[in-house]
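Take a look at these structures.
Next come two complexes built around subunit A: one with subunit B, the other with subunit C.
Right after this comes the complex of A and B.
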């Protein structure tokens, strides 16, 4: 990480905001598709997971990959369902709503933390600018 | 003309550039959901640095802030690349620089007043 940019903390906090914004987007996709039995390939929807990496130039964070969760699909007993197999089970997406809500809370808190850093840094620079009065 | 720039002239072009940048940010945020819109930024500091000669003076009449489309942020599904968080970040930096310039200008005027205030 190079330290030469005057407003580096602003860029870093903004990169955090953007990363968490992306994370919230992915969580909302998972929640919206929690009961999607066909994700376009004949299989139920697989939940997505975003991974992040640090940006070595600025010291911020950036999106690395969006990966699919390969864990087992949820089997729900519903013999009347048109997609039920011979035993009466329907394969449902591997989305676990409580887990998604927990991740949503974490993402929201991290977003708030980044805005707090941004706000505090802004106040700090304003304090310095007061010396120019 | 003299080849050294006065502080007030330099501050004037700086404040003008920050004003223009604030306008482009407002424009970008207004077009947050406009399909195919690419964000606009102001190129000024690089131009100022490039046109400086060895003594550090610039012909300010020749220097104009330049509008350009960086095309660096990822494009959304509708072909738009404006990101609200980035624009807020640019706005914070812009307003801090603007405040610094205004305070410096104010300081300069105070200095002149002090010099004129001899009784």
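Right after this comes the complex of A and C.
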């Protein structure tokens, strides 16, 4: 057995950590831009969604694409707003903060699960090495 | 990984030789040819030196991992690299392989000491 093969679980757990780190980064971008009426193209900010794919070489996970959520913008009645249309509605980003908080909790839990796997694997290797003594 | 098989097969061959010696009946001592010769058994390069040589190769691999873990920590502290997961990965790998190396080394030294203390 090659030495590198012993590190398979380490690499996979680390890839999970990286992927969830990216997911948390995207969630933080969504939360920060929850009230952004101009995302640079004249439209309000569109919420981003990360998709992942499995890495067939290592068995780990990697970021596939960062897609934009194409659902409708939120219409808020605010006639005094400088960006309000003729009916007094302002288009706000399609970011739903409770949903983002739920996704953040999921991403945090998956991150913790990956660290748990890494930690447990290290313990397993140490237990195996105890047999040498 | 270090090839421990060389040692194990050597021990197995020796054990086989001892067992066969015991199974020889006392009245059947007509000639030396009936006694099993340990040297005649097909054991290939089962000496201690090979295990020590094999570990040399592994030491350099472990050293590479240690160096890369050191470098990644330095890069993180100097701000060159901000990816903490790569540091965790490098340190975990260096830690695991070093523990294995220490375990194998202790076992080899123990085997050497046991051999040296053997009554002849």
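Heads up, the rule we're going with is that the second predicted complex is superposed on the first by the 129 of 133 C-alpha atoms of A that agree within 3 Å, B and C clash if a C-alpha of one lies under 4 Å from a C-alpha of the other, contacts with A are read in each partner's own complex, and residues count from 1 in each chain.
Simple rule for what comes next: a contact is a pair of C-beta atoms (placed from the backbone, for glycine too) under 8 Å apart; a residue touches a chain by one contact, two chains touch by 3 or more.
Keep in mind that what you see is a predicted model, and the values were worked out from it rather than measured.
Model built by superposing both complexes on subunit A: subunit B and subunit C clash.
In the superposition on chain A, A:18 makes contact with both subunit B and subunit C.
When the shared chain is aligned, subunit B and subunit C each come close enough to touch A:10. Once the two complexes are laid over each other on the shared chain, residue contacts for A:129 go to subunit B and to subunit C alike.
In the superposition on chain A, the residues of subunit A contacting both subunit B and subunit C are 7, 10-11, 14, 17-18, 21, 118, 122, 125-126, 129, 132-133.
The touching residues of subunit C, when paired with subunit A in their complex, are 1, 58, 61, 83, 85-86, 88-89, 92-93, 95-97, 99-100, 103-104, 106-107.
Put simply, subunit A touches subunit B in their complex at residues 7, 10-11, 13-14, 17-18, 21, 118, 122, 125-126, 129, 132-133. Contact residues of subunit A toward subunit C in the complex are 1-3, 6-7, 10-11, 14, 17-18, 21, 118, 122, 125-126, 129, 132-133. Interface residues of subunit B, counted against subunit A in their complex, comprise 83, 85-86, 88-89, 92-93, 96, 99-100, 103-104, 106-107.
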